[in-house]
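The data blocks that follow each hold one structure.
There are two complexes below, and they share chain A, which is joined by chain B in the first and by chain C in the second.
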Partner chain A sequence: MIEQIPVLLVVLPIVGGAVPLVASLVSDRAGWPIATLTLIGQVGLAGLLAWTVGTSGTVSYAVGGFAAPYGIELVVDGLSGAVALLVAVVSLGVLAYAREAGPHSNSFYGLYLLLVAGLTGMTVTGDVFNLYVFLEITGLAAYGLVASGRDASAAVAALKYLIIGTVGASLYLLGVGYLLAATGTLNMADLATKLGEMAAYDSTLVLTAFGLMVGGLTVKVALFPLHTWQPDAYANAPDSVSAFISALVSTVSAYALARLLFSVFTAEFLTAVPVARWALVGLACVSIVAGSALAVSQNSVQRMLAYSSVSQFGLVIAGFAIATPMAVVGATVHLLGHAVMKGGLFAATGIIERETGATTISGYAGMGSRVPLTAFSFSVLSLAMVGVPPAVGFVGKWYIVLGAVNAEIWPVVAVLLASTLLTLAYFARLVERLYFAEATIHAEEGVPEDAPVTDGSGQAVSFGMVAVVVLAAVLAVALTAAVPALEQVLEDTLLPILNQ
Partner chain B sequence: MLELLDSHYNYFAVMLLLGIGLYMLIESRNLVKKVIGMNIFQTGIFLFFITLAFRAGGNPPIIEEGGGPYVSPLPHVLILTAIVVGVSLTAVALALIIRIYTEYGTLDEDKLKQLYYD
Partner chain C sequence: MTEFRPILAILVSAVAIPVILSLKGRPNLREGVTLTVAFAKFAIIASMVPGVLNGTEYEFVVGQFATGIELAFSVDPLGLLFGLLASLLWIVTSFYSIGYMRGLDEHAQTRYFASFAASLASAIGVAFASNLLTLFVCYELLTVSTYPLVTHDETDEARAAGRKYLAYTFGGGVAVLGGTVLVFVLAGTTAFTPGGLEGLATADPTLARAAFALLAAGFGVKAALMPMHSWLPDAMVAPTPVSGLLHAVAVVKSGVFGIARVVLDVFGTETMAELGVGLPLAAIAAFTLLTASIIALRQDNLKRRLAYSTISQLSYIVLGLGLLHGQALTGGLLHIPAHAFMKLTLFFCAGAIHVETHTDDISDMAGIGTRMPLTMAAFAVAAAGMAGIPLVAGFVSKWYLVIGALSLDGGLIFAAALLVSGVLNIAYFWPIVYQAYFESPEDHDQKPLLEAPLGGRGDVRADGGSDDDAHDHADESAVPDPQHVDHLGMHREDHEHHGGPPEGGWDDRGWRGGESTWFMLGPILTAATLSLLLGTMPYTAVFLRIVDTIVGNLPGVGV
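And then the complex of A and B:
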């Protein structure tokens, strides 16, 4: 039973995603309960799987009974187990938010579950071409979800996202072709052994494959300068979608990049070809600085948060590229923590906009007293993102910096430390406005009484929406307690690959 | 050079398709043409995979038809999947373009940018 869970994790949301469309024949509001039931099952399965991996090691499953390396293999180790659980939990959480925040159509929930299936598939797969397919499923569902906003600008943002995202995924596919030409296999574990033997690490073929695959995935992760789709997509999508995709889509792409680095190209490759490592570290550092600078210069809060993601993912990728065990643990912790924090922050901006109409940084002035609970959670999440102990943002950054110090890469250490200050620069300004500035938007003019209440952008804020934000804030602090367990699991299942 | 062109013309075609596609995708002002560019770019990749599968004197990979050597069936299967993905992407892109056109009344990127930021 246990070894079948990886495939069930993908099948369950795909089947669940088809049900709301059929259910449209009967009822227009059947989507939410169906999605909730499916995702509760998903959380249960992912939890069971993560627990199994934690106690008895890696789980693998050969799809259709074709044994690896010829068939598609699903492999779940500590890292993928943790990410799969994150995907399940966050998607269930956002669902509680979406119940009131909408969009309410059944097709929305169909796409939503398809996105969960794509993300989970990317997480559990052990095959590079299968990863491409799930990457595109994720992409297609995400484009559709971004476009589900009422406003036509959402369609423009989605088209931009689609075109740039497709180029990214296509580059990845081209890289897969190069790897296939070099080794004749697509299975990750098989590739890892064949890469050093059949094709030298520094051969043009392997280097090109590395460049194309990593380049393609960095588009999906949205590292600077390939991030241009991301702020538009996050800012124009409906609030529940922004919270969902900002928390998960880039996160899982970054996970895929890490998987590629450690399970396909391996740490040996990074040592043998220093230029590959430095290119990645350099890209990450540029992303950290440029993302922060762009975030500081934004006026819209959602766009600021979007650029903040560019910067934070720079940090995560830097940790993975340094590739010492400590840096990898740090990058994983920050990857998971960032998902919870950024999702919570986007959810909070949605609530603040509904309650007060404030969307810009100047508009947030004095809102601390208008929406006390949400504003407080927003501040906690902001400070967690900056890296104030004991929040999880601190632990992740601390480990990444320690890893860089141990590896004696001083320029990177400087950028990492400066990044905390840069993050503080844009979040502190906002928290200060929330509590210590005169309100610029007053209650009576904030939300016009006669504003048309449309499906999907109604002004009501439900208990569930606030609860999700508060829960994210609590998790941002409480996850710190889970770090030792995560470290243990990673040490058992992922780090052996690193030290080979 | 000519010899290389003669023996590797498929790869030149791949590079040409990738180049044309990417150029159209970036340079064209018309959204539909951008999507066509995206398709050409993907077609370049499909051709690349199919070329990979080729081997001189290889038979179709069906056991009954003579003996080996066979051409590799794997890239063909991969590309069959990738074509399906490409078609779905095109469909979604065109659906978005129809929505943009009904809302803004233009397919020109520059005009759209003006309308979009107002």
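And then the complex of A and C:
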């Protein structure tokens, strides 16, 4: 039973995603309960899988009984187990938010579950072509979800996302083709052994493949300067979708990038071809600085949060590219922590907009007293993102910096440390306005009755929505306690693949 | 031995935060909670004093924080010194806060008291942290929890000060983080060890120096070492009890305390001497204490003058630490409580004057001794202590500092700096006391003594040019100059009576407490009495015994 879980994790949401479409014949509100049931099952399975991986090591499954390297293999180790669990938990959490926030149509929940399937597939697969398939499933579902807002701007954002995202995926596919030409295999583990033997690490073929695949994934991760789809997509999608994709889509892409680095190209490749590592580290550092600078200059809170992701993923990728066990643990912690924090922040912006109509930085002035619980959670999440200890945002940074100091890459250490202040620059002014400024929007003129409704849903705020935000804030601090356990699991996974 | 008291001392005020917030509509109960918690905190910490003096170390491990680093709290003599001081003065300040906040009918009092409780929880966390990372965690939390107090007024000035405060202290925090990582990488641990970590003594000297520089600079921000001091005078827009307890005791002392931990328990005096980093630290401190004293002469706003005095006095402590000599260390560490008692008195006096007469500028205070005799008497005592006059706490610590400095080769210059600073202290405090009792509003000398920059007359112009840009100056003066902003954010406007004596001069309120409420007078007199106690019976007042224990535990320090 245990070895079938990886494939069940993918099949369950696909099947679950088809049900709402069929159920449309009976009821047009069947989507939410079906999605909830499916995802509760998903969380159970992912939890069981993560526990199994944590206690007894890697789980692998050959799809259809075709053994690797010819068939498709699903492999779950500590890293992918943690990400799969994150995907399941966050998507269930966002459902609690979406119940009131909408959209309510059955097709929305169909797409939602399809996105969960795509993300989980990317996480558990052990095959580079299969990864491409799930990358496209994820992309298509995400384009559809972004477009589910009723505004014209949502459609434009989705189109932009679609074009740029497809270019990224195509680059990745091209890279896969080069790898296949070089080694004749698509299985990750097989590639890892054959890459060094059949094609030299520094051969043009392998380098091109690396460039294309990593380049394609960095589009999906949205590192500067390949981030341009992201702020529009996050800011124009319905709130539930913003919270969902900001928490997971880039996160799983970053995971895929790490998987590519360590399980396909391996740490030896990074050592043999230093230019590859430095290019990635450099890109990450530029992303940290540029993302923060762009975030500071935004007026819309959601766009600011989107640019903040550009910066934070720079931190994550820097950790992966440094590639010492410490740094990779840190990057993983930050990857998981960022998902919780950013999802919670987007969810909070949705609530604040519904309650008060505030969407801009200046509009947030004085809102601390109007929406006390949400504003407080927002502040906690902001500080956690800045890296105020003991929140999880700090722990990730601590490990990454430790890894960078161990590797003695001083300029990177400086950028990593400065990232705290850069993040503070855009979050502090928001928190300051929330609590210490004169309100610019007053209760009576709050939300005009005929305000354009972006996502075709009511303006009410449910208990579930606030609970999700508060839970995210609590998790942002409480996850720190789980870090030692996670580190243990990750080290079992990482030490072999990092050859340390 | 495992013991719950360290964590209990921290949590007792942390737990009170939601309680205080929930009692928003019932102010008496809310302040009751604050007072109860303050007493409980002090009692818990005081109960550990005998044990610690006998060499017991109380330890509580919360859990693993990261590889090889525990989130752990332990009470050693140095931590006890800071913890005992902060919790004792929190009681005094809580009473004073009630008088002050109600006297001014302030807004957002619930947030104020809740933030105060949070600040104290963090401050005690700083005191009892048993390794550098735990200290850093609490240090950052202290920044966050004091931020709402700095911006309390919600005016533009307050927000600007808050921004500056966050930028400076988080900037310092980043440096501390960098230093902590370096120490961890070099030594494999960050646990405080009297005499220093072994790994650092054998580490690459360049990296070790870099680690020290980062840590000293990071903690130096809160310790207001120049040139990282300028957040402190601006933070004076906060209500006076905040300026008193946090910006003269808890927050700034957490910076000094951090430096003390780094010097004594991370690097150790011997490694410091080998690395040669003690002297630069002492030199920066000596520079700061002289320069800040001179700047203080020019300040007309009483709280800003006190702020510069704080900057100067904090550097006494850092100087003592930087000299790496037994008696200088004793003096420096003893100056932590000594300065706290005296400066708290001074701030409380400034706050009482503000509440009662809305006077903030020294030039408006001539003759105020008839209106507020007890307050000004307490002010005189504390000011004398600041200058190092015997019988007040400042004398004892300064005595040890000067002796320590003189017994070192080349220490003469540091001793001279200390003595000159003492003279400057008199120069900026004595006129206040003198004019309060012996001058009248109609007939008094020009204050402050130094109006223009040294060597100039009137406004200084950066390029030395003439008055082509006079219009600009006029425009600028329309913007409230922070010097003339009291904590309500109002600036002195000539058409509106705000500060200074009322028409017809100061009332005579006599010496029996008619000048203010006892909620303010009580704390003022208590703090002044404490500084006298520490000055006359330093051993009985326990603090010197704690300091002796700290210094006695250090290997290789000649006393």
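Quick note on the criterion: the second predicted complex is superposed on the first by the 491 of 500 C-alpha atoms of A that agree within 3 Å, B and C clash if a C-alpha of one lies under 4 Å from a C-alpha of the other, contacts with A are read in each partner's own complex, and residues count from 1 in each chain.
We take it that a residue touches a chain if its C-beta (ideal position, glycine included) is under 8 Å from a C-beta of that chain, and two chains touch if they have at least 3 such contacts.
Since this is a predicted model, take the numbers as computed values, not measurements.
**Student:** Give one of first, second, both or neither to describe whether A:G144 is in contact with chain B, with chain C, with both, or with none.
**Tutor:** In the superposed model, A:G144 contacts chain B only, not chain C.
**Student:** Thinking of the overlay built on chain A, is A:L383 touched by chain B (first), by chain C (second), by both, or by neither?
**Tutor:** In the superposition, A:L383 touches chain C alone.
**Student:** Given the touch rule stated above, what does A:S153 touch, chain B (first), chain C (second), both, or neither?
**Tutor:** A:S153 contacts chain B only, not chain C.
**Student:** Taking the superposition on A as described, I'd like to know which of chain B and chain C A:V415 touches: first, second, both or neither.
**Tutor:** neither
**Student:** Quick one: is A:G177 in contact with chain B, with chain C, with both, or with neither? Answer first, second, both or neither.
**Tutor:** The first partner, chain B, only.
**Student:** Which partner chains sit in contact with A:L217 here, chain B, chain C, both or neither? Use first/second/both/neither.
**Tutor:** Once the two structures are laid over each other on A, A:L217 reaches no partner at all.
**Student:** Please indicate which partner A:I163 is in contact with in the superposed arrangement: first for chain B, second for chain C, both, or neither.
**Tutor:** A:I163 contacts chain B only, not chain C.
**Student:** Can A:E136 be said to touch chain B (first), chain C (second), both, or neither?
**Tutor:** Only chain B; A:E136 stays clear of chain C.
**Student:** By the touch definition above, which chain A residues appear in both interfaces, chain B in one complex and chain C in the other?
**Tutor:** none
**Student:** In their complex, what parts of chain A are in touch with chain B?
**Tutor:** Interface residues on chain A, with respect to chain B: 129, 132-133, 136, 139-140, 143-144, 147, 152-153, 155-156, 158-159, 162-163, 166-167, 170, 173-174, 176-177, 180-181, 184, 186.
**Student:** Name, in rising order, each residue of chain C that touches chain A in their complex.
**Tutor:** 63-67, 71, 133, 136-137, 140-141, 143-144, 148, 151, 154, 158-159, 162-163, 166-167, 170-171, 173-175, 177-178, 181-182, 184-185
**Student:** Quick one: which bits of chain A touch chain C in the complex? Just the residue numbers, please.
**Tutor:** 326, 383, 386, 388-390, 394-395, 398-399, 401-402, 405-406, 413, 417-418, 420-421, 424, 428-429, 432, 435-438, 480-481, 483-484, 487
**Student:** Going by the contact rule set out above, which residues of chain B touch chain A in the complex?
**Tutor:** Of all residues in chain B, those touching chain A are 22, 25, 31, 34-35, 38, 41-42, 45, 48-49, 52, 72, 74-75, 78, 81-82, 85, 88-89, 92-93, 96-97, 99-100, 103-104, 112, 116.
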